[in-house]
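In what follows, a single structure is set out as structure tokens and then discussed.
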């Protein structure tokens, strides 16, 4: 059963790598709040994931199109919680 | 696209206003889940999240008042909202019952938040379809 | 429904871990299955010989020793983190067992909570 | 060992009780500097540190009440203590003047803390021999 | 006495940076020499094109653009961090200049404050 | 002029390596609160420094004698602030 992982921590926070190590093949990762900085953080390779648009725009990252990262809104985040019975917040 | 049947959500907020984005992210999510046709069972404030329930927050006029926005939303949607009593008392958030019990000079819990114990959270884990945690920034 | 409560912060610096422990104990009090995981810096909660009176705090060691008595199913420790903080599993208080934190590990639990 | 001549200190606390050790570390340091023959000019609460000045904190009987311990220490040593007004208002810590000004239902600032602006901190940087910052945990 | 105010956290996730900025502006308002340093994740405060209305926050870019007008001597950016966050110095808003953060760098200032 | 650096952050906090990089030859480093964990943290080599005893004892590290680390109390910390005109809190 796929898990939805929602992380709000900056990529240099110790919990960020712990989250990446917990991702199974069929899991889904969403970056919210400070976590969206991972889109431009050299030291941490990012798997395919979603990023919350409001947080991306605030931090001026919308031009940083990264292969495999899809922008979503809060409505899109709700839809992801519909399709995943297990949700882990990091 | 077939949308799933209506789900029920509990949102736990454990980050404080200003010190985190938890109140803001949680409110945007709460509004979106309701627009999405789902039910918001309850909002549970835990740890530093209880600061959101302080009736005395007085931000500058050009800043948002998260306590007020949440109060309005909870009352409009008739959503039960709980501040965990142990977290609240230690952080100086009291309702009138606790004010009286501990002989404190005032109470400061915002409407419509009520004090309750972790039992409410345990019940949420058993009854809501989804339970999300809006956490501190660090 | 089996819940995993995760503690991944050091003891004494803040109240997050104690509040996570309260969640675990509440689940146990309501006879809900719950396991405690100490991950990353959190493994240091299991270090024996904590003496926190000079910080005017109660030792978390004491809080933890009641865990299994009160119904917490197991205390698990992140194996890689034990190495990182120079802790060997026979040193650990509270009869915690070490575990590897693979994706499959987390899948065993219906809910995973960290503060 | 020759001790240095008496110095004057300002302590800034920007971490909250429970969420950090700042109030505890700062109090232990404050007592030690006075025992060391130095002067404590003032204590300045900034950011989340203002939560230390909440008169409504009600910890369990087996836990320490940092607000009370600090109040007692400040009054015993007659040390001026300031909560930064901008930080305090936003976080729901008010004195009676602000309660009146903003028509709030109560005030909750603990004795002997007073509200003031960052100007007090700027002055401290110019007048105290040493200024130390007791910070959040994260 | 020249003070260095350091911001090393991301914008928008918390209020520490804004409160550090208030300290810098207060020093400037009292004609006290002050320099702002953006270190580590803090270099992202200098990214142009921030649009924070959807977070119900004011853009920190706007706050910063007033810095030198109000008397902050200089805005400096941690060179290594700029690379780490894929920012080039010509991209930076606010005419910030890049700097290497050696021990000698900090010694230039009489006081260094970070929240 | 030597600087006294006082750090309270855990060794896995991004500010810890930033602090170590700022240390000059003649500077002094004091670990307080969560920073005392650096005494046993493999991934970060620690220079000679002081550690606050109350925090070391709480976290059960007193047996972890590390070459170059001296234990001090709050009175000792005050003395260090006497002998250093510049203090940086991390």
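Note that the chains take the letters A, B, C, D, E and F in the order they are written out, and that residue 1 is the start of every chain.
Quick note on the criterion: a residue touches a chain if its C-beta (ideal position, glycine included) is under 8 Å from a C-beta of that chain, and two chains touch if they have at least 3 such contacts.
Only a predicted model underlies this, so the values are computations on that prediction, with no experimental measurement involved.
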Shared interface partners, meaning chains that touch chain B and chain E: A, D
Maximum inter-chain contact count - chain pair: B-D
Mean-CA-position distance for chain F and chain D (Å): 24
Whole-Å separation of chain centres (CA-atom averages), chain C against chain F: 27
Distance between the centres, which are taken as Cα means, of chain D and chain A, whole angstrom: 38
Where chain D touches two or more other chains, by residue: 18-19, 21, 63, 86, 131, 133, 135-138
Two or more partner chains touched - positions in chain A: 8, 10, 12-14, 33-34, 54-55, 89-90
Shared interface positions of chain C, touching two or more other chains: 12-13, 15, 40-41, 55, 57, 111, 113-114
Chain C-facing residues of chain A, complex: 1, 3, 14-15, 18, 21-25, 27, 86, 88-90
In the complex, chain D residues that touch chain E: 14, 46-47, 86-87, 117-119, 121-122, 125-126, 131, 133, 135-136
Sites on chain C touched by chain F in the complex: 9-13, 40-41, 44, 47-52, 54-55, 57, 59, 61, 83-87
Residues of chain F touching chain C in the complex: 8, 10, 12, 33-34, 37, 40-43, 53-55, 57-64
Partner chain F, residues of chain D touching it in the complex: 3-4, 7, 9, 21, 25, 28-29, 31-33, 35-36, 38, 130-135, 137-138
